[in-house]
Amino acid sequence: MPTAKTADTDIFKRRESEARSYCRSFPTVFTKASGSLMTDEAGRDYIDFLAGCSSLNYGHNDPDMKAALIDHIAADGIAHGLDMYTTQKAAFLNAFERLILKPRGMDYKVMMTGPTGTNAVEAAIKLARKVTGRRNIVAFTNAFHGMTMGSLALTGNSGKREGAGGGSLADVTHMPFENAMDDKDTLEYIEWVLENPSSGMDDPAAFIVEPVQGEGGLNAASKEWLQGIQRLARKHGALFIIDDIQAGIGRTGTYFSTEEFGLDPDMITQAKSFSGMGLPFAALLIKPQHDIWKPAEHNGTFRGNTHAFVTARVALEKFWADDAFQKEVQRKSAILRQRLEQIAALLPGATLKGRGMMRGIDVGSGDLAGRICATCFDNGLIIETSGAHDEVVKVLAALTIPDEIFTKGLDILQDAVRACAGSNQIAAE
Amino acid sequence: MPTAKTADTDIFKRRESEARSYCRSFPTVFTKASGSLMTDEAGRDYIDFLAGCSSLNYGHNDPDMKAALIDHIAADGIAHGLDMYTTQKAAFLNAFERLILKPRGMDYKVMMTGPTGTNAVEAAIKLARKVTGRRNIVAFTNAFHGMTMGSLALTGNSGKREGAGGGSLADVTHMPFENAMDDKDTLEYIEWVLENPSSGMDDPAAFIVEPVQGEGGLNAASKEWLQGIQRLARKHGALFIIDDIQAGIGRTGTYFSTEEFGLDPDMITQAKSFSGMGLPFAALLIKPQHDIWKPAEHNGTFRGNTHAFVTARVALEKFWADDAFQKEVQRKSAILRQRLEQIAALLPGATLKGRGMMRGIDVGSGDLAGRICATCFDNGLIIETSGAHDEVVKVLAALTIPDEIFTKGLDILQDAVRACAGSNQIAAE
Amino acid sequence: MPTAKTADTDIFKRRESEARSYCRSFPTVFTKASGSLMTDEAGRDYIDFLAGCSSLNYGHNDPDMKAALIDHIAADGIAHGLDMYTTQKAAFLNAFERLILKPRGMDYKVMMTGPTGTNAVEAAIKLARKVTGRRNIVAFTNAFHGMTMGSLALTGNSGKREGAGGGSLADVTHMPFENAMDDKDTLEYIEWVLENPSSGMDDPAAFIVEPVQGEGGLNAASKEWLQGIQRLARKHGALFIIDDIQAGIGRTGTYFSTEEFGLDPDMITQAKSFSGMGLPFAALLIKPQHDIWKPAEHNGTFRGNTHAFVTARVALEKFWADDAFQKEVQRKSAILRQRLEQIAALLPGATLKGRGMMRGIDVGSGDLAGRICATCFDNGLIIETSGAHDEVVKVLAALTIPDEIFTKGLDILQDAVRACAGSNQIAAE
Amino acid sequence: MPTAKTADTDIFKRRESEARSYCRSFPTVFTKASGSLMTDEAGRDYIDFLAGCSSLNYGHNDPDMKAALIDHIAADGIAHGLDMYTTQKAAFLNAFERLILKPRGMDYKVMMTGPTGTNAVEAAIKLARKVTGRRNIVAFTNAFHGMTMGSLALTGNSGKREGAGGGSLADVTHMPFENAMDDKDTLEYIEWVLENPSSGMDDPAAFIVEPVQGEGGLNAASKEWLQGIQRLARKHGALFIIDDIQAGIGRTGTYFSTEEFGLDPDMITQAKSFSGMGLPFAALLIKPQHDIWKPAEHNGTFRGNTHAFVTARVALEKFWADDAFQKEVQRKSAILRQRLEQIAALLPGATLKGRGMMRGIDVGSGDLAGRICATCFDNGLIIETSGAHDEVVKVLAALTIPDEIFTKGLDILQDAVRACAGSNQIAAE
């Protein structure tokens, strides 16, 4: 049933900017979604292995969040309150403190930045500079931190950087991520640069790192490497910032992606699945001693998002009140790893990437990866690529995905890989 | 009734960053809102003359938007669809084309940037640089365009700029806004700088201007001055960008704040009231010939916000299908001007600022303005200051405010001015 | 006798970079020079009204400097001593202290920067930033401070700035020089920008100003304006830097160009005529309290130039031991002004520019000015243009020029103006 | 004989900036110099193993250069001719073409930049940016290219960089020099960064490299590594710039320091010994196809230095007309290497650094190196340290040094090392 072909996409072509992107990979018009299924106007269902790029860790339209949000709206609950005190913000903060911070022995202030990830990142680097009086930020190869000028300077991708049109992306040093180069440890190199007073690298205000590089190819840093980066940061008077926007909030199996790594970051960014329901919502967690902002020194009209306070609170209460969800995610992660190993075995040279429910297969070429994803879509699976060369087929299923749908999606992926492998003698080059 | 004193704000003090701000002026906990009234936990109602800093032009929780949004959620309508094609985006774009663009003879592509104003501004300046191959952007004194590094470089306020912590705010030239200096025309100066090849100003990629500077003190540019800026931009190969985030969407009496000025901007930013209901939502309108973005060259997880597509469409259909709303706003603007003139007359030296339903009184000192607003709040009116020295008491009532509430709010303001004037012999210095 | 036509300039065309410039205006090959005359290989003498762009204020090859330098070389005096202590440096510093600083009641440390003007300027702005902890430097429209990246950022000329090839020229705000715009006072504007906390101008580390803008069109700042700039600098915690490279060392009639203006600059740059004989030599004078350099924090191989120490000392002793030379320069300045007035009268719309022996005529167009200078050269006078549009014919005769040669040169200029005026009905447009 | 103690250095302490440096290591007042000896006011001779930091490769006051310069001055030869054509510049350029360029099959245009090394470097990076339309320059760890803002951005040393006072040192990526890290080849890393489109490194306009890092610790790059850098530059559309300011002009045994490496750089900088006699003089050699400067697009008052043209020509004719001098330098280089090996053997852990007549000993600590140099000076030898930690004792004798003086100097060094080694159980740590 050639749904996509009949979808009326004229209005988008006529009126939406050429910057639009995912719609090009999934050329149909979606109209509703529930759990791990999206439905288009022709009534066709698609299994969602993209999950809003990890913004829908709890699936689409979780019924409890829906209900709470509908109740809130129906009762004339605040929709937009700037950053005034609201009942809903209080409830969210109380839940965050009780269910997330306290059980983990964490003491952070929550900064309601603008409701996008890039805004949380911008706030983090501005604050790191204020706290340290230094300007240089260390970011990593293949990093993705956002598209506004401050975050874009941290981002590695040259295609994204060219979007700056030549605007200055200064005050950042890019260092090699773990194993960036053929499994060589990069900590030693980074340490050498930091400790050589003639390296040309100015003293850093902060290191900012994604524990798993979502856009950069599902590169997962090890506990030891992240501890090493934190140690170098401490030793050199720099702050240590975890950008947990894509890897956090359960995606790797724990609320924060590095909970089991024994780290103590100075700041942690939150966005994507932070609202629970995919609403725009972001925050920066700040160690109290670094919370030296003056009132409104970083502000924004949509700081906080009262609808998101409501759904985010429900998400915390529903999924993080005990360890059941976490265990379930870990169970599914094991399934995912096992199935991806089987699938990767179909492609000579293909390798597994990622961690937890944030895994994929490096198939060796962006062209092949693209063909696999297109084949999946034809067969009812929404899935995307990642990596510097788009060479990684990335599985970002909802953490709540039912086993049967998960299996069905992985079957579609396996079939697509098998089909494309046949026409692709050499997977990796 | 000392509501504020009994409000439980401990959680905010304990867990929310020091960056929080409006809550400091309005020390109570709000729980619901409707139209032009906000209600706190103690059940006290406040008249809202802040309207989410112009994000709630249609008031809180418009019943039609509420209903449509509840229906959408209840039906498992998409909450988060990245930038895929959705029924809801199509409906919004069709409405925007039919009700806004076509009647005004405008031909723009709509770029769904991240859902915050600063993201739309960042996209605009990045694109202007790409289009022209130039780096320098002309912004104006007292401008406010956002807090991410690209937008912050455009922003005039030194307190905000210090938030950058020393990060580079380069590639921007600030020029004096109209009448910035004692009613002297500044066009002549700007033209001289542009035409002097030894002025030290690099050729600009764009001029970006707020037709009414909302944060900068309600400075309203004239038709002639804006035409002059557009003419200079054209003459010097620069793009002309209207930042209509605060002044647009009816605030000055027409959908775009400069509709009656005969301008033809290359880009226009939209945010704040764009969703109709105060949901995070922003866009950049781009002349088709400048829409040279590559797919995803500027992206963001929350590009578009499907809930906002729903409410924004309702807002367009409800308020902009004919000229009734526009006329109503113009009627209220006249009332506002008249009342503010009376109020200003109570303060020697006070002057009127702004345009349409975006007006205020320059009372000559931030201290006095602050006392007036605090007095208003004690008497049930939410109102804020603006300006480089916070010296302007700013009225940003919802455009839909009923006359009796509007009058009551203005009465509270008048009483507060009278009370504070008594203790303030010299209003302006 | 068409000397220029027969000059063998092949080697230059073959091997010298296209960046070469003055040689294009004066297409002959010079071989020797004495006082105010330069002689080419064909034996033709030219009167020199360019004087090395003010580097030869004492004329070419002053016999006393020559003799001292020959003696020094013959005796194996140090030619290059890095910045070690030398007898010659001591003698120079003693003379500078005794003849220049003490009589004027000035207390400055002398920093031997690299021997070019731009190096002194770079040292000045680096130090100003170190002293204040601020980054922004205020420079002026039409300013010229040099071509290395730090100085180039201060320079106004767009042609020069394009030489940066897009390298970042940040951390500088250009402000209008006195009367830059139709005789309007610009101090008021500058003060307004400084005092408006939302002007977008970051707090300045320093103001750097040429008392007479040599390259920018012989714009001479008044005592009142410079005092105003100094006052604004002091009030706003910025240093006040006089760039006296072209206007200093007698050019305006006193050793420093602002001696009679009651100023107290924090730093003063010296170069061009500082060696007396045209040898590369530059220095930065620094108020002792600002001399916070660490050893070698700004260095350079040719810091100081021992040959220049010798000739510079002779220059000080010969010309500045009493006020005879100063009076003589002032006498000649009066002659120059009078003659230029007569000459300007030949050209409708032409105006006088400059001060002291640094004067010229704004003839209204670069094309006309270029033709006048070319005509002069054909008649044995070396003279150049200045200004944003090369519209000023600039007289920079040696201060030691004998009256008869001075008169002869001015006669050639007058004839050239008359000749060109005939073919140029409208001088100024 | 405690000469230094009686030297009258009051004037320097009173009037010279704290930035002065070498004089602190050599606390006496020099008055004359000849060949490899410097003489102080007390008549004491010092052997010069510093040679103006390689600016005096032909020794002090070469008799032929002296004679030619005296003749030139006596005959009223041009001292300062801006960049006009002069007989002396023609003679120099002809000699440079005939004796340097042609025999080596090189085709370069000569750009007379300001007469300091940093000016040549600034011109090089500006031109590289103009030619490529790119902004980023690759420089290397431990690099030293000068102290003006453009060159300082390339320089690795943090102490020097701090001199910028926070001014922006942007548009540069520092890469590890060969063997920077424990003998690991760094080419592979650099190639990986260049070829990873998500490395965060913007496409480079140029690579600039010192074949032997003079200030950075006498790190000598191999033929293979430099060929690798050139290959990477070519492959990635970047220019390849050799900064030969300290290593060139015979210092390593050939005129250019990389003559025998089969390289074909796009630009080469010249300064330090370029004048032959230590006069300020610098140039940039540019491949003709890259010489796209507009006239005066990079200029400077002291472009060229006519006295230097005279002495530089003599130097070329005297030392580079045949290969005798080159062979002599190579003979002395062998002596130097042999003696330094013997001396290094006195210090456990000490290693040899450098190449040709640009060699030293890494003694493992700046403290020890400093004590060795101080002991040398007490015994009549001028010698300095180098390296990120000042840990290298650096021998930069004149290339013309007579064997007996060379031996005597090396004996003093050997004695000093032996003396200091006794009091320093552990040389390297």
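Think of it as A, B, C and D in the order they're written, each chain with its own count starting at 1.
Quick note on the criterion: a contact is a pair of C-beta atoms (placed from the backbone, for glycine too) under 8 Å apart; a residue touches a chain by one contact, two chains touch by 3 or more.
As the structure is a prediction and not an experimental result, all values here were calculated from the model.
Think of each touching pair as a link: the shortest run of links from subunit B to subunit D has 1 of them. More C-beta pairs touch across one of A-C and A-B than the other; that pair is A-B.
Residue numbering at the subunit C/subunit D interface overlaps substantially, since over half of the positions present are found in both copies. Centre to centre, using the average C-alpha position, subunit B and subunit C are separated by 49 Å.
If you average the CA atoms of subunit A and of subunit C, the two centres end up 58 Å from each other. One finds 30 Å separating the Cα centroids of subunit A and subunit B. In subunit B, the residues that reach two or more other chains under the touch definition are 135, 159, 166, 168, 170-171. Against subunit B, in their complex, subunit A makes its touches with residues 7-9, 11-12, 14-24, 26-34, 38, 41, 50, 52-53, 55-56, 60-61, 66, 69-70, 73-90, 93-94, 96-97, 109-112, 114-119, 122-123, 125-131, 133-135, 146-151, 153, 159-160, 162-168, 170-171, 205, 271-272, 277-280, 284, 286, 291-302, 305, 307. Those residues of subunit C whose C-beta lies close enough to touch subunit A in the complex are 166, 168, 170.
Partner subunit C is touched in their complex by these residues of subunit B: 135, 139-143, 154-159, 161, 166, 168-172, 174, 176, 180-181, 188-189, 192-193, 196-203, 216-217, 387-389.
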